[in-house]
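The following pair of complexes shares a single chain, chain A, combined with chain B in the former and chain C in the latter.
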Partner chain A sequence: MSQWIVEAQMDMRALLRSPSFYLPAFAFPVVFYFFFGIMLDFSNGHSDYLLISYACFGIMGPPFFHLAVSLASERTQGWLTLKLLSPMQFNSFIAAKLFNSALFSVVILLLLYIEAAWLADVRLWFWQWGLLTLIFTLGTLPFAALGMLIGALAPDRAAAGVVNLIYLPMALLSGLWFPLFLMPDWVQWVAYGLPSYHLVQLGYGVIGQGDEVSWYWHITYLCLFSVGMMLILRGLSGRFSGSNP
Partner chain B sequence: MTILSITNLSKSYANTAVFNDFSLHVKAGEVVAVLGENGVGKTTLMRCILGLTAADGGAIKLFGEQQTNRYRSAALKERWGVVMQVGAVNGQLTVHEQIQLHQSYYTHPVSVDALTQQVPIEPLLHKRFAVLSGGEQQRVLFALALIGQPQLLFLDEPSVGMDLNTRQHMWQCIESLKTQGVAIILTTHYIEEAYQLADSVVLLRKQAPAEQLPIKTMSLEQLMSTLTGAHVS
Partner chain C sequence: MKKRIWIIGSGVVALLLWLLPEPTTTDDNSFTLGPVNIFNGENVLMAQYVSVEEGIITHIDSQPPRAHQRVYSTKLDQWLIPGLIDSHVHAWGKARGHALDFGVTTVIDLFGHPSQLGKARHQRRSVSFQQEADMWGAGRLVTAPKGHGTQFGFSPHPLASDGSVEDAVSERIAEGSDFIKIVYTAEGADYPHRPSISYQQLQHVIHVAHAQQMLAVVHVADHLSAEHAVAAGADGLVHGFFDKPMSEELIDTMEQLKVFIVPTNIIYEHLVHGEFNKQVVLPACGDCFNKTNANNLSGGGASMVSTTFYNNLKTNTRLLAESDVDVLVGSDAPNPGTAHGISLIAELMWLEAQGINWQSAINSATALPAKRWRIENRGLLLVGQRADMVLIDSSPERGMEVLLNPTAVWKNGYQVR
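Entry: the complex of A and B
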């Protein structure tokens, strides 16, 4: 069996034995959407708009937390050093983690879709559900890259805290919880620099509620952000094996 | 056949030399024990050979291949096994799952059955690594190092935390590997372990050149007095 598949299987088993990882990852977006998108419905019937917001918020969690926390643990506790001293292919190791993060994100999307269709009567065309799933699944990559960067730099016990310090403000400043037009101008400028803003705009675009910027620019930004993170990570590659000069 | 050849290796941290002009040659089927006080550079030496730490100077040859930087090829890693001093694996996985995972890294891994015959880990197979005692974990890490059928084995204080029976079983396993032609570099604080297993002892000392002693011609008492005289704990 291919190395990355075994790696992904074992990584998934370890994740499924860690309810502290998957319970909040599944529960937060579903519960937030229930309260703010369905129960309170501040947006006056715009449950489809908030579905996109909370879908974006939900899919950011697994790549952030999984890559950051598991890499930080594997790095600082010496698990990764042992693996890197074996003939393990580092690319397979990372591919397995990316795959599992994306898989968790797809499950979160499905839970939100069911919730939205069942409880909020959100009706979209089949192609819209499909395109949203594609965008948000591929959209895990920039957050996974940022998660890896945190995993390369943060000590294992601090990694989850660091992720929260970035994840929650990023969601807020990208307009995932409150529409950006309700916030000060400077917040809107900050939002343009955040990958979550560009990803959610692609999602809004699918339901015809995106901003006036072309989808092409949002995708370009997300790709550049991911490549930039990867280049920084490449410079830090020695940190993964616990190597020092 | 020379498996490992180190010539004039030097390494220092913050202008303090850890070792200088250190040389060592290890042949197939030879066990070399590296002894010395804490902080004298035993683990640093291993890390330099493994490519985890860059040496300041000197040459390292592994299986006849000159290692010019910290990069170690996958082909080379297929041929060695490593037990690190502070080693661990994901505690959420069972020992059997860890073995499956590590088997996937190697071209010709040993089977679980063969591995459990070499190292007594059968009762541990379905337990999670996190719930094992320190000695059991060390046993599992030793077994994982053997999965690729290594020709060179690095054991950095492998018997720490092991009870007497387990330690003696590991010694038998090392003896057996030795007869199969596996070269072994062993760091340890247990003089009797080094005496029992090693063909020669490398004594690392602070502010003094390393010394290689052919212990097979020495008695345990002679070895202990030599080491004690050199302030080895």
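Entry: the complex of A and C
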């Protein structure tokens, strides 16, 4: 069996033993969507649009928290150094975490889809459900990369706090909670620099409500962002090997 | 083993996605409708059958076409009119869906966030199924710093100097505005409610807009400001006024210069009298409107009660009807006393109550606004036009209230209501 699969199985086992990780990850987007996308008329009935917003918000959580917190923890406590002394490659370690984050994101998406279809009468074509799942599953990558960066830099006890400091403002400033046009103009300019803005626009595009920018520009930005993060991480590789904790 | 887990996992996800509900499939947008009485937006036709192919009207005749098509059967008393055009709204959220409930298939948004304009443009080019009225929009306003419009949270373009006029117009065009809306109150007006741009700036903006082939329409709320806007070369006034009866001179000038007006009578009636919704529209509506929204129509209002103003409003409606000025029907929804869709019908009922001929009234909400707002393929039932249509149970001549409960509404040839 491949190294990364073994690592993924072990990592998943650890995750499933941590309700403090998966319960908020599942509950927040589902509950927020229930209040803002279904219950309150604030949404003006745009439950499909808000489904995309909260789906994006939901899938950002697992890669952010999982990569940042577990990486910071395993790095600070020396587990990562120990693992890297074993025959396991660092790439397998990361691939396992990326895979599990994506898996959690798929579960969040399915929960949101069922909630939206059942309680908000959201109706989408099969290809739209499928394409959204594909976009948001692959869309975990830039957030995983950012999570890794936080995990590389932050001490284990501070990692979750740092993630929240980035995750929540990023969601707000990307228009995931309130439409951008209700916010000052400068927020829109900030939004253009955030991966969550570009990812959610791809999602809106699936239901015909994306912005004027072509989808390939959003994908290009997300790829460049991910590659940029990886290059920075490469420069910080010493922190993973234990030579510079 | 590994492969099997992948296959089972992917299969479970695919199965769940497949089980999720899809939109209800609607009938296709090709059919023949008739026999029915037809008012095509300008005239009552002798024809009785309308055929639609993929959302476009292909045949209007006294005989059904020979080609085999799905037939939408109608009753003898029923009438078919073009989808209505509301010439003054502020549309966000579900507004365009509510408009469709009352047969309003196109709306003119006269101040909204520009982010909506690109989507609206994309949407109206398509003849695909949609549950919303099409939209043409002005986007942001051109107004004075702290002038009317700046209080709504997202920034219009406040004109501080003559030098920024070109920028104001070119920015609107870049943002996708379909026309330029300017806010103006004349110095010395009866109620200068906020700072306004100067007359020279007004002239300058209109001139620059015209140089860019854009319509320039002006928000005014009093007679003097209307005179100035017309003199400055405005294409249209997007409000009427009630401070005084329209002067003969103003009407003559508007006729000569072909300046149109969107009087927005209902919102003014709500302000100076506050009875029309309560006494006329809602009783005729019955349960055509949900109770919460009905309260919005009937509640509040009458904050400037004045018999003089009310009489001026009625007089101006009559004077405009007797003139050759193009009057377009617009609701200004969702401002106080109005709601999307129903308030356009309320405007038509107001015109009817002032004795205006039903064909002229419906023309003001169909073919005429399409022409004046330069909207192609809407507002008329003619071969080649978009199949945006409303079926009603009796002639509007017997009462405009029939429009409160349309029997069927087609948007892009799809029956949506």
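Here is the rule we go by: the second predicted complex is superposed on the first by the 242 of 245 C-alpha atoms of A that agree within 3 Å, B and C clash if a C-alpha of one lies under 4 Å from a C-alpha of the other, contacts with A are read in each partner's own complex, and residues count from 1 in each chain.
One rule holds for everything that comes next: contacts are C-beta pairs under 8 Å (C-beta built on N, C-alpha and C of every residue); 3 or more make two chains touch, one makes a residue touch a chain.
Because the structure is predicted, anything quoted here is derived from the model rather than measured.
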{"item": "Contacts of A:H218 with chain B and chain C, given as first, second, both or neither", "value": "neither"}
{"item": "Chain B versus chain C as contact partner of A:H66, first or second or both or neither", "value": "neither"}
{"item": "Touching partner for A:S18 - first (chain B), second (chain C), both, neither", "value": "first"}
{"item": "Touched partner set for A:K97, first chain B, second chain C, both or neither", "value": "neither"}
{"item": "First, second, both or neither for A:Y113, with chain B first and chain C second", "value": "second"}
{"item": "Partner chain in contact with A:F126 - chain B first, chain C second, else both or neither", "value": "second"}
{"item": "Which of chain B and chain C A:R75 touches, first, second, both or neither", "value": "neither"}
{"item": "Common interface positions of chain A, toward chain B and toward chain C", "value": "1"}
{"item": "Chain A residues touching chain B - in the complex, by the definition given at the top", "value": "1, 3, 6-7, 10, 13-14, 17-18, 74, 77-79, 81-83, 85-89, 238, 241-245"}
{"item": "Chain C-touching residues of chain A, taken from the complex the two chains share", "value": "1, 5, 43-46, 106, 110, 113-114, 117, 123-126, 129-130, 133, 180-182, 185, 208-209, 211-212"}
{"item": "Chain B - residues contacting chain A, complex", "value": "50-54, 70, 74-75, 77-78, 80, 82, 84, 86-90, 92-93, 97, 100-102, 104-107, 128, 141, 144, 148"}
{"item": "Interfacial residue positions of chain C with respect to chain A in the complex", "value": "2, 13-14, 16-18, 20-24, 92-94, 97, 113, 115-116, 118-119, 122-123, 153-155, 176"}
